[in-house]
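Each of the two complexes below includes chain A, the first together with chain B, the second together with chain C.
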Partner chain A sequence: MVLDLLASGLVYSSIIVLGSIGLSLVYSIANFANFAHGDTMTVGAYAALVTFGAVGSLGGTVLGLPYGFFVALVVGIGMAALVAVVTEKVVYEAMDVGSIGLLITSIGIAFVYRAVIQMGFGADFTRYDISALRPIDALLPYGIRVTLHDVAIVASATVLVVGLHVLLQYTDLGRKMRAMADNPDLARVSGIRTDRVKLATWVIGAGLAGAGGVFLGLFSRLAPRMGFDLLLIIFAAVILGGIGSVYGAMLGGVLIGMVTQLTPILSELGTILPLVPDSWGIPIGIEYANAIAFVIMVAVLLVRPSGIAGEAV
Partner chain B sequence: MSTNHTTDDAPTDETSETDSRTAASTDPTGDHVLELDSVDSGYGDVQVLDDCSLHLDAGEIVCLIGPNGAGKSTVLKTIFGMLTPWEGTVHYHGDDIGGMAPEDIVREGIGYVPQTDNVFGSLSIEENLRMGGVAREDGLEAVIDTLYERFPLLDEKRNANARTLSGGQRQVLAFARALVMEPDVLLIDEPSAGLAPNTAAEVFGHVEAVNDMDTAVLMVEQNAKKGLGISDRGYVLDQGTVRFDGAADSLLDSDEVSKLYLGGG
Partner chain C sequence: MSVREIADDPKAYWSGLTRAEQGVSGFIIGFVVLLVGGLFTGILAPTYFLFLVGLAGMYSLLSLGLNVQWGYTGLINFSVAAFFGIGAYGTALASASSSPIAGNLAPVVGLLVALALAAILALLIGIPTLRLRADYLAIASIGLAEVVRIIILNEEQVTNGSSGVRGIPAFFDGWPLLETFPQTMPNIAVSWLPGGTVVLRQPFWSALLNVVVVVSFIAASYFVLRRAHRSPWGRVLRTIRSDEDLARALGKNTYRYKMQAFVLGSLIMALAGVFYAHLNLFVAPGDLDPITTFYVWVAVMLGGSGSNRGALFGGFVIVAIREGTRFLNAFEFIPFDIAPLRLLLIGVIIVLLMRFRPQGVLPPQRELIWPSVVDDAPEQPDSGVRGAKAGENDD
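Now for the complex of A and B:
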């Protein structure tokens, strides 16, 4: 059971990480907490839904997913990035308000995204037209019930995260992004075109969120509230990792994703731990998973107020 | 770019090297590299500079001194486009650069070393230098190699994060970052701020080294005696305007300047 929970924790973490990286990136460079980030994930998911409906199952499959799904994934990423960039250009950039003003504005933007999706697709949940898979047989003896789709989610998220790492560390754009997150004034003084870097950051951050949304739809299902419901957990991950730090967001995402999925262990401690009665356990069910995640976050912040990877103040 | 020459800025041959070391302060018609003419400037509604005029010639080190709040740093920020002049003009090689953005002014050949937060702490030294050269079209590797030769301590630590450097070392990196563009003019805001006397002396030595690389330096310095000590000329700013100017030696010798601004005479 522990292995199974760890496996599903890994899948869930992948999605949280994709969301939290973008939130942290945008925070570090555009300098506000974007509450529309969760709904940006939803935009990605629904864009993929529409695309997949159009291109369908074209050709063969990889990891139990039709090629068409990967086309839909790319479109979902692109649409999330496009919507975020247009919002930045038309709304955020045009507003001369501080970071709190932008934060409140982004809550309104979140409602707009969700309302538009709800008008188009209704309030009910829906799924991609991909038949559910049986768990992988080879892993069943270990009690691990994961499907090829889960493997696809983790593999794709890993590729995206590694790609981001390479971009940040080894490309000119990545160095500029880190420089700007570090010290925006000095970045301008050095001659960096900060407006372009900011735009690139929106594209990357929202694109990753879009990917997270597409995978969230595959992991569970699509609903207009799917991204917003995940937003608080993503914030917990970002703050736990140290807000503004991309690598902190990755770490925080994995930790928070794992903790939420591992919550059922608490009520079954007796069967897992040796030397205690099988009936023994802490009666906290999965419905408290998010609360547990926040308790962990608070506990870490008490020890490290700026988060795991945050800079000491 | 308009070349709106003011009365003080007659068009002369750009290439003629004026004898700036000795005669600049008394040379009203020289082709100044940088010239502020009757500039008013400030933050928001708060005016700081009031009819401020000064200039910098090729090859000079010029030091701005004056009490706190006199507008010394504001002069640099106005030149570098972080503030727009309300009135008056800022000319660089005869072109009006007043109101241009910092990222464009860098490309014109002016560098700026802020007083604080003047390195990217989470980036390596090598990356700091690369960031200093983002506006370069070519020759980045060569100029970085040259800077490593000039400042060996940066060479030794090229992969270390800038935040691991000491205060004096950071100042060297801040200079080097600005020098990657090989600017004609370097604006330096309080190079000795927060440094121990020994370290400050080293940093002043580096300012002179920068100047030896054919870069004119306009420097703000709280430590007026030390600042003027390495400078060709100086301006004494008070309440946003120039009260005294002249050769650095003559300012240091002036009883009035000493009494009012150098802490007794």
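Now for the complex of A and C:
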């Protein structure tokens, strides 16, 4: 059972990581907590839904997913990035209200995204038109129930995260972004066009969020609230990792994703751990998984506000 | 300025108002005319009208509470819904017939239980979070509010879980005279309305009593807050909002002041929850949805952060949005679902406010100054003298 939970934790973590990287990037470069980030994920998911409905499956499949779905994934990423850039240009850029004002504005933006999606698609749940797969037979003897779709999610997320790593470490844009996250004024006087870097940050952050949204829709289902409901979990991941640190956000995403999925074993700790009686366990049900993540978040804020990977403030 | 002075010289009073105040007054007059028109033509049932007034009072109360925290002290509290919910659940669990723990106590006991629970919750949330940076406080408080909601949803042996608590008595249950007031009042037929005869029956009188409850809650809170806001204590809070380091440099224990403001605001929010429980007679975990928090935030920001009048005004606007969009359902030519329109409106208002008028419609001006100071100052020839004296020129 532990292996199975770890596997599903890994899948869920991939989605959280995709969301938390973007949130952390925007936090460090645009300098505010973006409450619209969750709904940017929803935008990506629904853009993919529409695209997939339009292009169809396009013949063959990879990892149980039709080619058309990957087209939809790209469109979802692009749409989320486009929406975020337009929002930045139209709303955030012209504002002069400090980071708290931007935080409050982003809540308004989140509601606008969600309301528009709900107007177009209704409030009900929906799914991609892809039939659910059976768990992979080869892993069943180990008690692991994962489908090819889950493998696809983890693989795609890994590709995106590695791509981001290469971009940050080995390209010009990445160096500029790191410089700007470190000290925006210094970056500016060094001749970096900070407004362009900021825009690129929005594209990357929102694009990853869009991908996360598409996978979240595949992992469970689509609903206008899906992103907003996940937002606090993503915040927990970002804070655990250290706000503003991309690698911290990755680590935090994995940890929070694992913790929320591993909650069921808390009540059966005795059967897993040696040296303690089998009946022993922490009596917390799966319904408190999110609550545990939030409590961890507050505890981190209290004990080590800079997070695991963040620099001391 | 007393009411008599206003009545003596309404023109002078009007020209003494700021542009924003004139606009808001115009809006209120127009809105009241619309409502009274609706009442007279029979479009708006009197009982429903009173229900709306009660709801608006509830939002005003919540806004007053948040105003203490955000408007006075600058605390970004995103856990309004949790305090509203704990207030509602506190009184419901004490007084409802279906309560799994206590039940059938007098609603006044429920009120006290609710306030006590809210104070404890405020301490529990406040102790860890109030030392945090502003944006961390926002995230931490919304997280803890969700924890409260999850606990209420899942601890069925205490809260009835997702099925909620039914059988909550009206607030005046057990009081002499007022308990049976709706039953003893006669049915009054109002036949002189152009919209046909309207009979005022028992539900109308119950609704009227609810309005009495909420108005007295608001009045009590408003006067306490107005006094507190102008007091030395309130001045420290305002200093903390504008520059916490300065307040600390002046030797103030800012953490303690922030905690006091947090608890005071939370108690007022819980009061709104108590009223809601006895208005709706049913509470469920859905009442703790975070959207309530953001409704209240819009009300406070719209009214003007730090302004008690603004908070009252904001509460009424929220009900106008919430219930007004319901009427749009009657128009069949609108090609989409109306429910998200409310969300859209709230979102657009937040963005427009922050973009064009972050200080809100009625920012606090002379309400921070003892009225005698303004009124006793020597006359000046220009119009808008009071405004100029209160330092509100657009500079």
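In the analysis below, the second predicted complex is superposed on the first by the 299 of 313 C-alpha atoms of A that agree within 3 Å, B and C clash if a C-alpha of one lies under 4 Å from a C-alpha of the other, contacts with A are read in each partner's own complex, and residues count from 1 in each chain.
We take it that a residue touches a chain if its C-beta (ideal position, glycine included) is under 8 Å from a C-beta of that chain, and two chains touch if they have at least 3 such contacts.
What you see is a predicted model; the values in this text were computed from it and never measured.
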Figure out whether A:Asp182 sits in contact with chain B (first) or chain C (second), or with both, or with neither. first
Is A:Gly143 touching anything from chain B or chain C once the two structures are fitted on A? First, second, both or neither. neither
Scan A:Arg193 for contacts with chain B and chain C and give back first, second, both or neither. first
A:Asp172 in the overlay: touching chain B, chain C, both, or neither? Say first, second, both or neither. first
Pick one for A:Gly53: touches chain B only (first), chain C only (second), both, or neither. neither
Count the residues of chain A touched by chain B and by chain C, then name the partner with the higher count. C
Going by the contact definition given at the top, which residues of chain A touch chain B in one complex and chain C in the other? none
Chain A contact footprint on chain B (complex, rising order): 80, 101-103, 106-107, 112, 114, 117-123, 127, 130-132, 134-135, 177, 181
Inside the complex, what are the residues of chain C that reach chain A? 76, 128-129, 131-136, 138-140, 142-144, 146-147, 150-151, 153-154, 294, 297, 301, 336-337, 339-344, 346-351, 354-355, 358
Looking at the complex, which residues from chain A come into contact with chain B? 172, 175-176, 178-179, 181-183, 185-194, 311
Would you mind writing out the residues of chain A in touch with chain C in their complex? 32-33, 91, 94-95, 97, 99-105, 107-112, 114-116, 118-120, 122-123, 224, 232, 235-236, 239, 285, 287-288, 290-291, 294-295, 297-298, 301-302, 305
